[in-house]
Amino acid sequence: MTWPEFAEHVARNPVVFLPTGMTEQHGPHLPLGVDFQLPLAIADLVAREIDGLIAPPLHYGYKSMPRTGGGPGFPGSLGLDGATLSAILRDLIRELARSGVRRIVVLDGHLENRWFLTEGIELAVRELGEHSPRVVCMQHWDFLDDETMARVFPEGYAGIDKEHAAILETSLMMHFYPQHVRLDRIPDEPPLAAPPYDTWPARPEWIPPAGALTSAKPATAAKGECVADCYRRRISAALRAEFGLGARS
Amino acid sequence: MTWPEFAEHVARNPVVFLPTGMTEQHGPHLPLGVDFQLPLAIADLVAREIDGLIAPPLHYGYKSMPRTGGGPGFPGSLGLDGATLSAILRDLIRELARSGVRRIVVLDGHLENRWFLTEGIELAVRELGEHSPRVVCMQHWDFLDDETMARVFPEGYAGIDKEHAAILETSLMMHFYPQHVRLDRIPDEPPLAAPPYDTWPARPEWIPPAGALTSAKPATAAKGECVADCYRRRISAALRAEFGLGARS
Amino acid sequence: MTWPEFAEHVARNPVVFLPTGMTEQHGPHLPLGVDFQLPLAIADLVAREIDGLIAPPLHYGYKSMPRTGGGPGFPGSLGLDGATLSAILRDLIRELARSGVRRIVVLDGHLENRWFLTEGIELAVRELGEHSPRVVCMQHWDFLDDETMARVFPEGYAGIDKEHAAILETSLMMHFYPQHVRLDRIPDEPPLAAPPYDTWPARPEWIPPAGALTSAKPATAAKGECVADCYRRRISAALRAEFGLGARS
Amino acid sequence: MTWPEFAEHVARNPVVFLPTGMTEQHGPHLPLGVDFQLPLAIADLVAREIDGLIAPPLHYGYKSMPRTGGGPGFPGSLGLDGATLSAILRDLIRELARSGVRRIVVLDGHLENRWFLTEGIELAVRELGEHSPRVVCMQHWDFLDDETMARVFPEGYAGIDKEHAAILETSLMMHFYPQHVRLDRIPDEPPLAAPPYDTWPARPEWIPPAGALTSAKPATAAKGECVADCYRRRISAALRAEFGLGARS
Amino acid sequence: MTWPEFAEHVARNPVVFLPTGMTEQHGPHLPLGVDFQLPLAIADLVAREIDGLIAPPLHYGYKSMPRTGGGPGFPGSLGLDGATLSAILRDLIRELARSGVRRIVVLDGHLENRWFLTEGIELAVRELGEHSPRVVCMQHWDFLDDETMARVFPEGYAGIDKEHAAILETSLMMHFYPQHVRLDRIPDEPPLAAPPYDTWPARPEWIPPAGALTSAKPATAAKGECVADCYRRRISAALRAEFGLGARS
Amino acid sequence: MTWPEFAEHVARNPVVFLPTGMTEQHGPHLPLGVDFQLPLAIADLVAREIDGLIAPPLHYGYKSMPRTGGGPGFPGSLGLDGATLSAILRDLIRELARSGVRRIVVLDGHLENRWFLTEGIELAVRELGEHSPRVVCMQHWDFLDDETMARVFPEGYAGIDKEHAAILETSLMMHFYPQHVRLDRIPDEPPLAAPPYDTWPARPEWIPPAGALTSAKPATAAKGECVADCYRRRISAALRAEFGLGARS
């Protein structure tokens, strides 16, 4: 997209998606980029529904924590400090606003990012005051509905904390990026067994050595498709409501 | 406690608790200080079990967010920027380490604090390197066990996000600080009805006007005592295990 | 105080006190909390006079310096970096303003805090522009009048720099918190003998080993009462004048 | 690439490329992503020569300046503050080092980035001390040799400052990403006519309205291929020398 | 001084002076540069005594405050934020240390600078750890002895706070830089009449309109010479003791 | 200049120059202060032409880099972090604006400063919004015209990068400050032979050991005068045009 094309799009006040994620271990069967690949694919699905634009994604996010992503013991997890991530968000919202964008959706795929994204948006909105765009911030798994949950986790859901490199992410990757999944390497280890607190230094004995916090064995592309469809429907409905967009003709 | 007393205590390598919280609206029936009063009371309970010390608490924490604390629309919610809170944690861990403390427990009572506490600890531990104390960070509700949950939430648990100024916090306040609870003012409003994302500017129509995100009507002091006892047992057991402390004689 | 009570108070435009201090060694006879306990007690006295509110105090302040507080060699002195303290002030003034507060008094009890409090207020006032509340910043000892000085220091006043854990603070603690003073442990050492400059690394040989920079032996509760009364009268008079409040009916 | 694959690669001490760039107007004929697309393609070329790895690129860089990129007047130029960009670099070098990487090449495609990349590397290297990897930072156009220059700019070279969206970048895009170039929209405007200083507010009258600082009309895919080949040869030779790698077998 | 000369000097481990000050109003009779001109002149005097070096001075310091410098209402007072000044000090100490300097004296002439200089030194010393130089920080007026005070202020000393652009600074300027003093413009206004606290917004009615906080009428060059001589003797004696230098032969 | 004089000048809306530079090695024949001495002298020349004011110069700038200034291996090069330099600029522009200044020229003499000056101005201008002064930022060598270049570099110009302590700076110093040039010590070494990238750690073997990146042997005072005259004419013409000043009567 060239700048005159961008300007033309912006003139009709579209929703602009900023996909955010991380470069982080996702077990031996998924690539390091899962956390930005998924938001990008989901943003693409939803943007088609509501005629939105997608800004280039953030490839790096907040540091991986042991209980939610395996933590710093895994090579290839490349995290930013919290203030760095917040500053990126603040700067990009400021710049999108300067470019005329009035509707922004931060679509995140890395659990640890949430509060630093929040803070970055807070800082931008405070700075921009009445000139601030409307900003929405979401993490995709929060849009799972009961029906989808029942299909994807027929034996129960351990919570998103433990879904790192597990059924949800693997199924979505099998659906969106099948060529990036090494089905033969899905580990079959006991899940994360961590007490309900964080500790420094980290305790590697809590973490499944292969890095998937629950087994991804039950993942299937069909489940991924089911989740993707749920996201497409529910996120676009939410954004239509939020931004007062007409239903799709 | 004077400094020679502190030095004497530190010489036997105690666990030092840093209670963290917030000054924030908690409905018309609870004081603004709930989020620091509870960690202080819980730290007191646990410190007695394991002969720990308690550092003066933090009265201010990360900004209240609409979906978890009612947000900035309520007077009296006085929040810090994320980087400020992280800097406080980093500084205090550095200083406790300098004072000879080797075991630190950050005991938090404000949901929104978690990741900025995490980042503050990360910064301190990275700076201190091999001289870093062992640090544990916890939010009290994560220590609720199934049995206690069943007693406190017989009709089901909406998730800690919606427990702001609701059954859990009100029961604990009735137990620990009965004089601070205005039973006659517990609101009976429908709970928070928010979609699964954040939005700027906030949407006041999502938030119960009185500020309790679920009704606190079912709260009782007995429930509070039950939770407190659960915390006392489970947190002290966790810390004994974590720090290799002997069982209480 | 609940948030509706807070909102009600704020509606009548009260003076809101923010007591600031430090957790810092105060000799073998005073607790680590002197520097926040005294501003809290003084704020309480004055707030009664002018119907003010008191925000939860800051328990941590700028790092103890050798010539004014004994410095980093004493366990239990837990200081913040200057930028951290300034950020706290900036954030809290911004948030008080958002809550509708128009009159703020920062009442400090830790000499080293002054300029970082100043800077925090500067940053907030600059950011808030015309929406800034009126802010007053004071350190309590600056309100000592000649008559009180003559009674408290009949043999001469060494300057507030050397009053750390000495006559003034001990007398005030004996008055406000007698149960926290260990009269039998007041040291009788020669006072701080330091040249007129700071040096890094610190020179421990300048500092009295027990941490009181001048002997507190002449301290009495009666002197403390006399000082407290002076503060009550003079600070409330100053604030009435500053904020255009009517005399007390 | 999964984390075990990454770990395996890192074990043989490879050169890791971090492509950096910007999302910025590049005239009506080139996409907003030129500045990260080119370093990514060049890194790919060179990495094949020296068996290197490529980290996910940075899509956002320092703010576009009028004399070198058209400046903030163009929609779609989304820049970061300098400190944000430096913090990203500092964090990523720290994290790559933690992951075991000992050889890093920052390969940049956005002129304005240079000094903030430099500062980020400075901060990381200072922090890591003796544990720092060896880091190289380059901007691709600095590897143009005289022969290539003669072929690409037969009528003279205005300097890299004026090459924004002009012959060099357009030729390279035609070579690497022909589907992204709108040949029919290459503007034919007079070049940037700016005095030798910056001014705030910017002077739009200095900037060609379409955003290409010199005409890209003479660009050809063959020129792009010639440049790419020059880069491949010269950058891989430089890195072999710099890191003591053997010549390619 | 060239770099080989600097290196030669540093090889003998000299005391290096960093004069710090401010560009700030000093009444209608003194130039804006008093606060850096005086430390520079004093450093020159003392450096001759102890064979020291002088680094280029800082021309800008912390913001002028109403009660100590007249405050922001005066044109020409150009202050830095506290964090900026601290960062400068931190950076310069780090760099002097890298250059081999082991003995640093920060010699300040602007009252408001003290705590931000302190913090900058704290940050540098913490970062440098065992590689830190020894650093001394002083404000020149703290070296006035009783005898000199008696000669300079025969009618009593109002405290350094009120000496802004008054007898002390004017006398020193008359001694060191007579050509920069406009004797005919020394104002004869009543001194600063401010209560013992700061207030935002500032109260211009507290400040003498011409900007000298006490009358400088009694200033003389002879007094300036007397003070300069006192400084020369006492500061060089202090530094000889502090750094273990031999007495001057 | 006193503050009333400053205020009087400002009332006629003058151009205010802020000379910026560095304390940095400049070979064995030039003093460490070249980079601030030259902008100060040039500002003086131009200010006379357009009746401008000169603010006290910055003596310290961004860190010396090996390929442009010899780098950190030379004693006496005392650099600031990038964020520090940007903060100074931001603060000073804010303060000049507060003092009523509407026209600011940052006149720089240290190549490495450029982008951090730019960022500081960006930050100030963004903060000040519509209240921002007009700011110009320049590096003096960018005003060399072809005729002057031909006279100064009859044998060709290696680019400003390699002119560190070489013909341009030495000639200008011989013209402006002949007493500070050690003609007999001009080194005659081969010039900098560095590949087109930066590397950490630095490679000292790239740098001429004496620190002049090209030989200064051809420098003469006459060349310096020629350059100075070119600067005087061209910079004052540019500023007259930029600020809409009348031609000199």
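Structural remarks
Order of writing sets the chain letters: A, B, C, D, E and F. Residues in each chain are counted from 1.
We take it that contacts are C-beta pairs under 8 Å (C-beta built on N, C-alpha and C of every residue); 3 or more make two chains touch, one makes a residue touch a chain.
Keep in mind that what you see is a predicted model, and the values were worked out from it rather than measured.
Each step here moves to a touching chain, and the least such steps from chain A to chain F number 2. Where touching is counted per the definition, chain D and chain F have no chain in common. Listing every chain that touches chain D and chain E alike gives F. Counted by residue number, the contact pairs of D-F are over half the same as those of A-B, the matching pair from A-D, E-F or A-B. Using the average of C-alpha coordinates as each chain's centre, A ends up farthest from chain E. Here the spacing of chain C and chain E, counted between their Cα centres, is 28 Å. Distance between chain centres (mean CA atoms), chain B to chain D: 47 Å.
Residues of chain D in contact with two or more other chains: 63, 81, 83. Around the closed ring of chain contacts, the path that opens at chain C and continues to chain E reads C, E, F, D, A, B.
Residues of chain E touching chain C in their complex: 62-63, 65, 81-83, 86, 112, 114-116, 118-119, 121-123, 125, 132, 134-138, 142-143, 195-201, 238, 241-242.
Chain A contributes residues 1-4, 6-7, 10, 23, 25-33, 36, 55-60, 72, 74-81, 83-84, 87-88, 91-92, 95-96, 98-100, 182, 185, 211 to its touches with chain D in the complex.
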